[in-house]
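Next, two complexes with chain A in common: one pairs it with chain B, the other with chain C.
Take a look at the complex of A and B:
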């Protein structure tokens, strides 16, 4: 029996059995993961503890988003992890039962169980040995789910605490599997530098396009910078030279680097669209304020080019998180310094244009949207030592509805007023994902 | 071929056996090397598989042991069934109608099974294992009926051996699912078992060497990983 014959049987069986339950998800997650295409029920916020505030610890904060809940728009759970770690990013396992989060300073990885009671996550496991396991990688950043494993990008290393770093893979049980160092000029590992690209070995985000067997990584800066006071760093000429300027194309299956692209100014988040023929990804550069397109050209080769400015680059608005719509037509782009979010029309990915902007607050970092794009959530913290000072250091999760023309505020949670800390990455949860 | 293998072991060259054995397979299958060439590419996989042996397959975890039942109702240790062979392991339930679920795994396995006839000698080293995670409905009789076309296949002895297995009950099954990391959710609809599609490459020592999900269950990738394992053995 060949695949086509078997496929015919499948179609027949599907018709007989009726509609199947469809899993669903927000727009920027690993494509291997079940998705929430309907109403998200909870948002989990990985939150940095602040000295002298509340219990001073990093914590996973759960906010109720259920439309019919009397607690909607309120914090319904807060789970502290016993210290401050420079809480930053996190990602679900491919089965979406566990939420992995990292501490950029202590290198601890906290794995939360979000399936047993999605309204009340519990701490399932803590990995204390990331640096030792990986052979010296520091700063576990992005957690990208693969079948049976978690790929974690590092930001630094324990040798010079600069930006040279690696990808580190753990299995779903939280056991170390492998380390893949980023290519450098002295060890290209078979990769080719495109044009005038210089392989710097830096890391930040990771995303994949499975049907093309493509994986992309971006590049930020090392521990010596991300733990430094932001104002001090801006005055330090040498420190300002220690930022990544590359995006690396990898073979997803073999985990081998193939190309190094020159993307100057610290390219951060990477987002692939969802369309079956969309062979490109977007990224933004923090220091040069550009929107970049990494795309497959007509000859099947992958290329990189900047396609738009974000605000006025001379003002250094510092683009941070981005979120692509499920229909691939628009892209939210946040910028930290001016506290703005901008919406780009990306229907022609080679010629994006800004169609809307709104100031969220004095600082803004992360953005997450529902699958239908009608609900958009923003949070505030970048890094403990990079967040603004004094009255400008506002810390919040703020929810909006998007009617296609305007962001309309739904609810706002002041994380400082509640003694929680600095609100960083947001991820959605739903009990609908689990039936047992 | 098996006789030759025994002779080689007896003559004291067991340490070099994998290399010799792979050379024999490669020699026989020379017109179709790499193995992936025996498959027609599917449009959903828009890339060429990597060169066999050009990369390293990780060691993810040790597979769990547990008790399974074959199509004749014989009880086996799963570890005993997998040990000594390279295994492509899949978990399915026969009533699955999710077009992004078990049918993809099964059609891929049928494709590999059929194509293995073009890779003579491969069945000495590689086998397929399919385990039901629905023991209540996938009884011994049910899996026997399902596997009937395999049993009456006139060319079965030229293709990979395919173990179609079930278990006595959930008590026997759950440790196997947990050990592999195969998640299933029994829905309120008793007819449907929600699950994430997974396949596993398990080496002769019982170590999971790769895990596949939706989008990567490409017969060319699976067989390239198998070929890479054989090359790894030939070099060790």
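Take a look at the complex of A and C:
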């Protein structure tokens, strides 16, 4: 789909559903969810507590984005949850009334009510029994909304804190439903390994393409690695052997794994485009610095291939979060080590090319963009013990406007100066979602 | 769901071990596994001496069952993420193959490699620096260390156990009393003293007289171990049994070598980013994401006697094929790296133990020596894993 077709789609959607409703959201979220297509009013930042700073606890920080608010660009609320849990990712429920977030270390899941007062989320429920419920899964990572339930990827397990893990499903009430272990060479569960893929059983992200009944999962590393000092790990040859090298294709409805693709070097985020005929997804490999395309070929079979380098792979720039524009034409790719964001033209998904780059700071991790792509937000923290040390450990949420050529800084919030901690995932909120 | 998992890990464990010797399949009986474990701890598997149980802690089925449960209980750490078994993983030879040095609560680093629990009941000198002497007291270290299980105090754990109904029954069964610090230690001691693994091909040949148990290269390797290599000067072999340790402290030169590397890092190091893909990474980049690494002076840290600098306890060499990586900081991933280190004469720094000197072993001799070390793996580890996993770890 080109930009013009996309524009027509948005206009049609807006006409059908009023100014704030459309088919799609600020990008990269579950397609089952109601959308903010206008101005996002708040950004929620799941933040890691730091020893010796502020109250030392993990917290959900709310930042005001309302254009006419005197508090715009400032922290208006902060809700501490107790302990340092290795706060990481989170996702809204399909009705977008609740924001589920996970602790990769302690395995607690915090469910925040974001609809009663979107400017001031409250803690609705804490699930303490994730490991027990799931039969030994550790590290609740991605929260992907399905109708009536939440699909959660794990990163590890409680037998050895290695990378073997599973998908775990809870219903919207927060009750455990099922565990689906990732396929491994010794238990493929009916999946086939494509080419020289070795089913490692590792997990990371999850995304789905509903009309094709496709679900994809990627693979990172186990607790021992994601919790340990990054520099120490890079020097530990045994630890470096324990990264995922696979993307798994699943049957979305039956939750059965179908194919295991060889995607070497820790494929992390997975993003499907929004176009009605776009049958592909992007992912990036953190260690090998490549952009991957998982796509349906002419015969209807799904395939995986690398389509571009991100920076110079030999420098290990460590690509982390990515964000696809709502018109499917461009993709933001952040890399942690060089603190850069790069924009790729993906209008031909088989031949992406870099069209822009900018250094955000000494380190950068997450990127989120508004539905119209004009506002782009960056945050800084990767993992508590992977973040840079000393002066390079800057912690922020920084907002930019994108005019199609340049990122222009709008506002910057220093999370250390405010005693908050390490800023990780960002999710948008809006009161418009709950007024019908 | 866990049923799917267990065959996987046992299979991967066996794959590893098979490289050296076939492991017997062994499924522990959920009812009477502890009887078997008790019998084992009172016997002496071929090649091992009998375990000397402390006079005030004779083993029992109830203590072994309680000790096993404690060993795997993740609730016994401040944030319920660490048990003893997270660092001493049964499927990984009761150590951890995936880390050179251990990682504890909140990802905090330890500076040493997790040793195996296999045959630990035979040791009178515990830890790489020998700072403890009994399993009855050793556990207090990891329970309260900030970088291991990080409990606020030992008493906190006692109180916690006394609040958990299932433990009240088990302590009653084992000691006719409620939980106390002493009794936790006794139960953990009784369990760990049942984790014995002898009867290796070497034992079957050397102590059992079965000439067919090992190949000719193993026998040649044994000659080097006790002859040209002089390994058995420290890794002792007795007349009726062998622990392969003198339980003394020596400066092999290794620790000094590692400290020189720590203080003089190279400008870049190779980093494996995917199977078969290695990039040279500038050390300045690694430094930007590294916490400061501590020195490790070994025995000196216990005695503060300058003569003890760089000395470490001689480890047992049993079951090496299932306990990589090697040395006190796990820097060697393979046995051939260790043998290479000895063959070149350690660090060749003058203060090191004079028995560590260039050996002039040929390639064939080094391979024979490695074959010998590989023949020290017990075929009975499957049973110990299966017993360890008779029920899932407590989490909640």
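To be clear about the criterion, the second predicted complex is superposed on the first by the 411 of 436 C-alpha atoms of A that agree within 3 Å, B and C clash if a C-alpha of one lies under 4 Å from a C-alpha of the other, contacts with A are read in each partner's own complex, and residues count from 1 in each chain.
Just so it is clear, contacts are C-beta pairs under 8 Å (C-beta built on N, C-alpha and C of every residue); 3 or more make two chains touch, one makes a residue touch a chain.
Keep in mind it's a predicted model, so treat the numbers as computed, not measured.
Of the two partner chains placed by superposition, only chain B is touched by A:95; chain C is not. By the document's definition of touching, of the two partners only chain C reaches A:134; chain B does not.
Between chain B and chain C, C touches the greater number of residues of chain A. Within the superposed three-chain model, A:405 lies out of touch with both chain B and chain C [touch as defined at top].
Once the two complexes are overlaid on the shared chain, A:417 sits clear of chain B and of chain C alike. When the two complexes are overlaid on their common chain A, residue A:210 makes contact with chain B while staying clear of chain C.
For chain C in complex with chain A, the residues that touch the partner chain are 1-2, 4-5, 7-9, 11-12, 74, 79-81, 86, 89, 91-92, 96-101, 103, 106-107, 109, 269, 271-275, 277, 279-281, 285-291, 293, 324-325, 330, 333, 389, 392-393, 395-396. Chain A meets chain C in the complex at residues 83-86, 105-107, 128-129, 131-132, 134-136, 138, 157-162, 164, 166, 179, 181, 184, 186-187, 201, 222-232, 234-243, 245, 264-265, 285, 287-288, 313-316, 337, 384-390, 392.
Chain B makes touch with chain A in their complex at residues 42, 44-47, 49-50, 54-55, 58-61, 97-99, 103, 106-108, 110-111, 114, 149, 181, 183, 185-189, 191-192, 194, 196, 198, 200, 208, 211-216, 221.
The residues of chain A lying in touch with chain B in their complex are 1-3, 6-7, 9-11, 13-14, 16-17, 20-21, 23, 31-32, 34, 94-95, 97, 146-149, 169, 171-173, 175, 177-178, 210-214, 251, 253-256, 434-436.
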